[in-house]
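Taking it in order: structure first as structure tokens, then the write-up.
Read from first to last, the chains carry the letters A, B, C and D; within each, the first residue is number 1.
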Amino acid sequence: MEFAINYVVAPLIKIVIILAILPLLVAALTLFERKVIAFMQVRLGPMRVGPWGLLQPIADPIKLLLKEDIIPERADRWIFVTAPIITLIPAFIVFAVIPFGPSINVFGTPVNLYVTDLNIGVLYVLSVSSVGVLGIILAGWASNSKYPLLGALRSAAQMVSYEVALGFSIMGVLMMAGTLSLVEIVEAQRNAGWWFVFLQPLGFILFFICGVAETNRAPFDLPEAESELVAGFHTEYSGFRFSLFFLAEYAAMIVISSMAVTLFWGGWLRPFPNVEALAFLDVVPPIVWFAAKVVVFLYCYLWFRASWPRYRYDQLMKIGWRYLLPLAIANVIVTAVLVIVFGEPQ
Amino acid sequence: MKVRRPELNLLKKIFLVDLIKGLLLTFSYQRPSANYTEQYPKQRPKISERFRGAPRLNNDPVTGETLCIACNLCALACPEHCIEVGWERDAAGKKVLTTYTFDLSRCMFCGLCEDACPTPCLELTQEFELSLYGRRDMKLDRQKLEEGIQPLVYTK
Amino acid sequence: MAEEKDNPNAQKPTPPPKPAGAVPPPPPKPAAPAAPPKPKGPVPEPWSHPLVDAINEKFGAELVKAYTFIGQNQIEVKKARIGDIMRFLRDNSIIPFDYLVDETAVHWPKDEEFEIVYILYSFKKNERLRVKTRTKEWEAVESVVSVWGTADWLEREVYDMFGVQYANHPNLKRILLPEDWVGFPLRKDYNIRLQDVDWVRKHLGIDSGQKYYVGEARHEAGDYITPTD
Amino acid sequence: MSTQETLFDASELTVSMGPQHPSTHGVLQVKLKLDGERVIDAQCVIGYLHRGVEKLGENQTYGQFLPTLDRTDYIAAVSNCLGFCEAVEKLLGVTAPPRAQYIRVILTELNRISSHLLWLGTHALDIGAMTVFLYAFREREEILKIFENYSGARLTTHMFRIGGTQYELYDGFQDQVRAFVKDFPKKVAEYETLLTENRIWINRTRGVGVISAKDAVDMGLTGPPLRASGVQWDLRKAKPYAAYADFEFDIPVGEHGDTYDRYMVRMEEMRQSARIVAQAVEKIPDGPLMAKMSKIIKPPVGDIYHSIEAPKGELGYYIVSDGSTQAYRARVRPPSFVNLQSLRKMVIGHMVADVVAVIGTLDIVLGEIDR
């Protein structure tokens, strides 16, 4: 019975909650994006639906769902239909291991604020999230159109190059934490007394740059660069299927932000978790700390988009292989030496 | 004069100075006072006095008679030939306006007709909301021109 | 150089004999463009310049005349050796015309002729020159693409609009109009009123948004057709 | 299935960029042959916006043709108007009075700024910097307000008439212009903060679409693209028209002839234009607005070529008059049309992403190309 509750019922409930909340979060994120960028651009953004356009994220999905679903005549029908799903599913199931907070008490029973605590959490996130690119490639291929194809090829190359650097940039954290479990990494940061970003600043910067590239966001939004490839890999998609890509992209943004928070910014921990003088900060529940940090990173995503131009495809490759990867490897080596000399920060 | 071609020095490059400068600028513009948007249908923009919008035939404010002397100059001036003036001679041999057609669908609001008009009769008003449901509606007759196009009130 | 600055005032049409533009227009005279200029208004003056002498020396009879009109220098040449003349104009040391500003044409249906106008400019001397040559519809003019790269599209446009043939042009196709367009719009005999209605109807499947008149006489007919409503 | 074969079997991929594409600035179509992402050939297909403006010019009186001309380069309608007015005036032998000349200079230079702002916004947007677009449009709006107040229209202004200008300055014109000119250099500095030193911008624009001075002259490039290649030539200095001889300003020139230099040249030009406006607005002379001339414009028999420095390059009008009220031939020498010819030369060997950068940097307006 207890087994059933712990391993079937409780995770199921959590999964359902995540699946229910995530699309809402994405919808909210689209409004957030439009508002933030609008204000940076001296505009107001959506203002018509609801007060200050607050109902816009509801109106948009309704519009998308009601739109005609067009499948091009020459498209590879089955792949065309499955591609958005292939992109979407990994983006969602990654959330299984992301710890939103520590255990809380619900009616006297401790409930963990994560679906599961895999002991290879980081690997799981990396591997599952890289499946998403398959959907993009398939979408570009199946559309049987030229701009999507170019977008898909760009995307494939971009993913392959940045996946490597992304992996290496996390390695420093893993060595310090000595674990692959995301929950334990957060705990390790409590033990160390420092968020890992202070110990691994370079690692964090590399991680975030690669993360932006992984999620195809500005300034690395080449697969869907609207001024070059019209809409990149989803040029031929419309209505509901398009919204799946949309959902996947924004979910991926949330994943990368959550990962950055978990690995480098202490997850649900308050600043300086071991300093007693700051204990009053504990008034704020851990999950709020987590959410606040994630929002900051999401804000950065939008901020970059509003501020910078877009890289070119070959320059993107050059940055990935020539700067980010060597720097990440150097970071690993330096961290390794330091960890050996000083021991793990406990 | 030669234009600049700045080179980034290494230090600036490593610390991403150029990128951060851009970020700070966009960040600073988030202040609401910098906002430039006009909420158009709710908030009507200020139209300048000389704006060339929908045409109107003015009547004498006192007598209520038309100011048009049927001289046909506007029709001659129009590059698009979208004005047609109909007239007849009255008993005294004076030209009297009978019909006046203004095809708004071909008008490009250049203002040449207004310039040509020797009386203050033909006027391009400040009315700019000219969308109509059909092309036939765009052919304005004398009555419509004298009333002028009335703006639709935006309700929400 | 001085041309553009001084002349507008200097060459004002002298009013006394025939008030030039100050009176309501006299009944329209039959405009005969090729006819000798009427006494009113500016008249072309002969232009003598070392360059003209050089052309004369080199090409002799090819040069029809050289003159200045409202301070703008022009030469008229025969079209037989137009390529050589142009190359000479570009490469000469007196005024090297290194920039082809424009190439266009004027249709003179009376003479069944097209006047090709080349407008040249010299960066070094800040001088402009108009070179004119005349051609018939069925005769080809030598292309100057090899002299100035600019001429490529400009000549295509002249071909497109006037139907002037160019010899040795790398890609003489219509440029602004569709390939299957019938007629050459900028010819004087191309009626603007009947222009594209048929083409639009055939290719786009819609009626041209333009109202077109029944025949030419709009006011007599008093009615026009608005294709769709 | 045949499409699939062509997509993958051929070593070349033919992509038709436009006429419906976000960054072909209208209805330009570029047929690209690609090897991977590298361009091996580019053919422009134009004419989608052809309206027969030159033919219209032969069927309208000189005065009636002016509003039509506004619709060629609709971004810089004031320049079009000025060029044609001056050409006809030259043929007529009249000169616009000094007051009109000054007003013309002020408005034309403001128009140059607004045209460059639109270029800047769209060019930056093509390269992915979307915020610059909105900042540029904010300043452009201020200029359009001045236009609206002065002439009654924002875009197709029909600003001047042959022989001078139609409208007297409105109250507060000088203050409005002064305020704009005073504020404007700061705004340019802002755009520059976002772009000039930005490494992404530099990467995307330097060495892209290079054209040497020799090629530029051969291809008839004019305006900022020519100056960016290092040819210091500006019609406002070379053959001063209107009242330009009265003002001090510099002609910015580049050196490398790449997209970055063209960007810098235009940025500097905006500052110089603001400088001209600032000088002109302080000393607008009094006097009439129109030259003394007949109401009915009948130029003498003859032909004339007059050109001005439009924001996009040399905008010329070649008018043949047969002595009637309508031009016998009204030819527009469109700078965009001639400049676009160099596109092929500039993009071959570059990547797809550079094509949009080069199209942007040429600052073309399809209304003018297709006329």
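Things to note:
Operating definition for what follows: contacts are C-beta pairs under 8 Å (C-beta built on N, C-alpha and C of every residue); 3 or more make two chains touch, one makes a residue touch a chain.
Just so you know, these numbers come straight off a predicted model, no measurement behind them.
If each chain is reduced to the average of its C-alpha atoms, the one that sits nearest the average of all protein C-alpha atoms is D.
More contacting C-beta pairs link the chains of C-D than the other of the two pairs B-D and C-D.
Centroids built from CA atoms put subunit C at 63 Å from subunit A. Centre-to-centre spacing of subunit C and subunit D amounts to 23 Å, using the average Cα coordinate of each chain.
The geometric centre of subunit A is 49 Å away from that of subunit B, both derived from CA atoms. In subunit C, no residue touches two or more other chains. Taken residue by residue, subunit D touches two or more other chains at 131, 138, 194, 198, 200, whereas all remaining positions touch fewer. Within subunit B, contacts with two or more other chains are made by residues 19, 22, 25-26, 36. Across the interface of their complex, subunit D is touched by residues 1-6, 8, 13, 18-19, 21-22, 25-26, 36, 47-52, 77-79, 108-112, 115, 124 of subunit B. The touching residues of subunit D, counted against subunit B in their complex, run 60, 63-68, 70-71, 131, 138, 141, 145, 148-153, 156, 158, 166-167, 170, 190, 193-194, 196-200, 202, 228, 250-256, 260-261, 264-265, 267-268. Only residues 46-47, 50, 52, 54-56, 58-59, 89-95, 215, 217-220, 231, 233, 238-241, 293-294, 296-307, 314, 316, 318, 320, 322-325, 328-329, 331, 333, 337-338, 340-341, 370-371 of subunit D touch subunit C when the two sit together in their complex.
Subunit B contributes residues 19, 22-23, 25-27, 29-30, 32, 34-37, 39 to its touches with subunit A in the complex.
Remark: subunit A residues 37, 40-43, 74, 144, 146-147, 149-150, 154, 218-219, 221-222, 225-230, 305-315 touch subunit D in the complex.
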